[in-house]
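Sending over a structure as structure tokens; questions will come in a sec.
Labels run A, B, C, D and E following the written order; every chain starts at residue 1.
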């Protein structure tokens, strides 16, 4: 992978208790890489090894710097790697105020003028919290402070370990939106650990899939999602992601249209503007396949597709059908009964029906 | 409510920090009551007050016994109330083996012959664990032991505080199935705290809804679900529950049919047998409304209903439509756009379409 | 040099303070610090380099040990003779003899530890001379030094005990005492010696000379000591 | 190394007996005190905490001296005991036990308090729901769960009692078989210039105490691991 | 109550000076030791834990006596110091400082160890990712986070040094202004039968120590709340 030369390259053999993970990854120098895997698959261990918090045998290089090379006995300690790290659970310093926390890394980075601290503080809504004691923050506020603190330390690489996992519904939604905004403006690469498909869909440019102690796939998002050789549970979990541009707003109905190569999707509208690029994840179980276009149905979205492949799903009654809509892959989970009843076969032209409400984020 | 006389009656005024909850509940002497509410709504506080672990002003009576009556200065301590309590997080005694934990309450209850300890130990798969140290158990195993321990103490009332919340996917699924089995055989009333709709659907006979510091609704499950005067977020979260009997198995397709007053649902089959009573929850977002019966579609289930009412959903583009299928209430979330496009109005006859895969539990 | 340091046996509490007071009134501007303790302990400390200039022991053995070890210079000189008395804070001891200590009214008899305290050794001698040493064993309680022994008696925890006469005669002492005949034990040749540390201290030598002089002798007598070549105090 | 004389052996055994007695009694009274200190946030409990710690900082001779006055025939406790036809405590084994208990109290209470603080209320609540009353909960939950802390308390109390000198010197009276404990015997040997015997005795004391401490440390680490 | 004589005042001030010096020095050397004991699971650290605790259980007079022999002109440390043209330590303020440090070491190390054990590695890892090196982490994370434990260690070390008697008696030599601390002065007053002065002095000692302990207890509770 050509990205390897100017991004992060890690070849590590991680052994911790029951965990045995052979990692060999090459990540691009820009954008968000999501490390995706089930609980216990070793995501955190991997991130800790990259940050130098744990020493597993192998090599790690980042851009022009070699961080670890056991053959040469080289191991750069964490504090010299300039990696930002946001931990899975809150990890603010209790003995400092919010402002003191933010300044901790900022001061040690020499308070560089290249860091627009004020902007981040505003972007993440941290300004009203500055004078507060850490104990008086909610879970969402704590994670926001932790992210801004990491950013202000002027890192060359930002690592986030499931920053949303400890948050409840609304706090999660809000912080995810803020991270989505950060994604478009951040000048450094970001590695984001997650086991949430929603987070993958919204943030990932690049995807690394961990399963059963190894990297089962890595690469740009759409390419990785389209692979049919992965375990079906994984394919199913991932679903499909449609990326397009907002093409029209129907303010009366609070709906908008998202245009992509395969057609148009109609989905609930919040604050998006026309022309904005948007991603939309479609769960395989929300897709209905029909031979004909339906009329007089509340299923608003009907997309003309071609059947590409079918594989068995994890439940014996069901199968996963991969569809192609002018280059965008869609995934539908249906019963084998329907597959046979509709007489489907790869190459057939069908309609994929998706309710607009299923797309509300 | 007539059940009040022979079940639990609690009138308590619970004040703890930010929480201010005025509780007035009357629960039947049999079956499972689910206390449902968002995180922080005071479910745990409520259970603790009933168990006597916390003393909030008010009265509590259970069957013929008065447990608390502040007017008379009466407060029966927990250990004399004979309530079983399964805590939200694991609470086994570390210094005892599994067998020691089970025996703790059993011995104190006088090892009554009326308790069929062996059956519970087998039902919950605890037998292979008996000699283990508690530290060597997984989360799911710990909760199973905690439940059996509580049962073996011969309680008159069993309280479970989100026993599944600390478990991950598969452990949760398995234990939920075991609780479902317990529900049908348990001779004592059970109060189950949860904020999971799945658990409500599968376990509740009786429902108490907590919101904003008060009981917003209480009563038998179907009656409570049918109420349209509740906050729409709550209605939507609850969805609908269809209870019926398995009427046919299609082993080739791994599907089965569930017959209920309003028709038949086709859904994935696991180990159910014909004649078995089954509950099936239907998420409002999985229901499509159509004027006509669809043909050549993978949506297997089409149920003839009448539109009962419509209310605004929490997203301005959407509405919740309440449908009636011969006495069973169904709920559909659709866009207002579709509502108008289909020209729907209360009293209209429509088809509710549900994918079979959406019903896989 | 205007300052010296003196180590002194515990039975000199009071008397030595008084002598230093009178010495100071004649030699204003000099300072003499006194440290009281058990003679054995002080001897060990001097052997380990404690910066005392003069050592007042309760007997002559400890000063001789220092001279033998080269930790003191010159010969030990006797400054007084120490006698023991039977003392009680609560009982009238008129007519009581050492032999009578076997009587049941004396449940606890305090003595200094004969193993190392000079006054303790003399108490043992007196009890042996009276032939009651073995008989009174169960009643014996021992102090680590003579001052602590006095404490047992003063607080009433021991009804009776052997102490230096100076304790029984001190102004604060309550109760009554009887002298133990010197025929029953060997009076203590309380001696002092110039330590190596103080070998070159003119003030130390001057003070030692003063202690041997008549004014100091009078104070010793006043506090219940016997001084060679001077008539014994009247009881 | 000097030999272990019969008198020294007696002092050694007496010391062990004293330490064992004091440790057992202190555990019995220390547990309720420690539980109270661990779980009450009231004003009196805070003051009591400082009072219990006081023997840590009092010179033992001072403590011993006041005890001598207090327990003696003229002290108010001594008078009280006399009026109840009890012997006064100074110069007796019982007296040493009382004084040592006072002296070693903080060494027993503080480790107990530490473990008790670490036991959450949850385990007690669980026991309640399983039908255990207050005393039952103490015996079946608190005691077994705070085992490492109880061992630590016992070892510290034991070792500290073995090592005490000042208090014993003040109120003991050095009576063989009754109050002549090892620390006193060692000191006597020093004063008499019998360094060889002193060394032997001191060494045996150090070995016993160190073994007890080491056992505790190894145990504590195990409990943590 | 007797009056506070000039000599007593001197002893009082000397005691405070000694306790303050010892406390500061002990905090400085106690912190690294406590950190090591708290975070190492190696065999040597466990043995070291027991060694550090040893002064808890040694009779202070025994400790003092061996120090006297070791530090005196014939002891090997004394000889070493003499060969380096340093004064020997016994009977000097410096000597008292050294002896008191040894004696009070466990009282400082143990509370420090307790708080250090409570600080997880997480905070240090966070500091690393924010660019803080090892010393920086110690000063900016460990010290402020273990503040209550440091206060407890300081108070206990201070109070315990104030109260020590046996060691000081053996190696101090009771020199006014140099080694005559309060506990010795009180004992002297006792021996001389000057109870009024003894009481006054003992009371002032108890008041100082108790105030320190009480402050610590109140602080500790606050920190927990």
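We adopt the following convention: contacts are C-beta pairs under 8 Å (C-beta built on N, C-alpha and C of every residue); 3 or more make two chains touch, one makes a residue touch a chain.
Per UniProt, the chains are A, B = Molybdate ABC transporter, ATP-binding protein; D, E = Molybdenum transport system permease.
Bear in mind that the values here come from a model prediction, so they are computed numbers and not experimental data.
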item: Smallest number of contact steps required from chain C to reach chain D; value: 1
item: Chain labels contacting chain C and also chain E; value: D
item: Most widely separated chain from chain B, with each centre as the mean of CA atoms; value: C
item: Longest centre-to-centre distance from chain D, chain (CA-based); value: A
item: Copy-to-copy rotation for chain D and chain E - C-alpha atoms, rounded to a multiple of 5°; value: 180
item: Chain A and chain E, separation of their C-alpha mean positions in angstrom; value: 56
item: Mean-CA-position distance for chain C and chain B (Å); value: 91
item: Chain centre separation in whole Å, for chain E relative to chain B (CA means); value: 61
item: Touching two or more other chains - residue numbers and ranges from chain B; value: none
item: Residue list for chain C, restricted to those that touch at least two other chains; value: 41, 44, 148, 151
item: Residues of chain E whose C-beta touches two or more other chains; value: 190
item: Touching pairs - complete list by chain label; value: A-B, A-E, B-D, C-D, C-E, D-E
item: Complex interface listing, chain A residues touching chain E; value: 51-53, 77-79, 82-85, 87, 91, 93-96, 104-105, 108-109, 149-150, 153
item: Residue ranges of chain E touching chain D (in the complex, touch as defined); value: 41, 46-47, 49-51, 53-54, 56-62, 65-66, 107, 114, 156, 159-160, 162-166, 183, 186-187, 190, 198, 202, 205-206, 209-210, 212-214, 216-218, 221, 225
item: In the complex, chain D residues that touch chain C; value: 65, 68-69, 72-74, 88, 90-91, 169-170, 173-175, 187-188, 190-193
item: Chain C - residues contacting chain D, complex; value: 38, 40-41, 44, 65, 108, 110, 113, 115-117, 140-144, 148, 151-152, 155-158
item: Chain E residues within the chain A interface of the complex; value: 122-123, 125-133, 136, 140-141, 144-145, 147
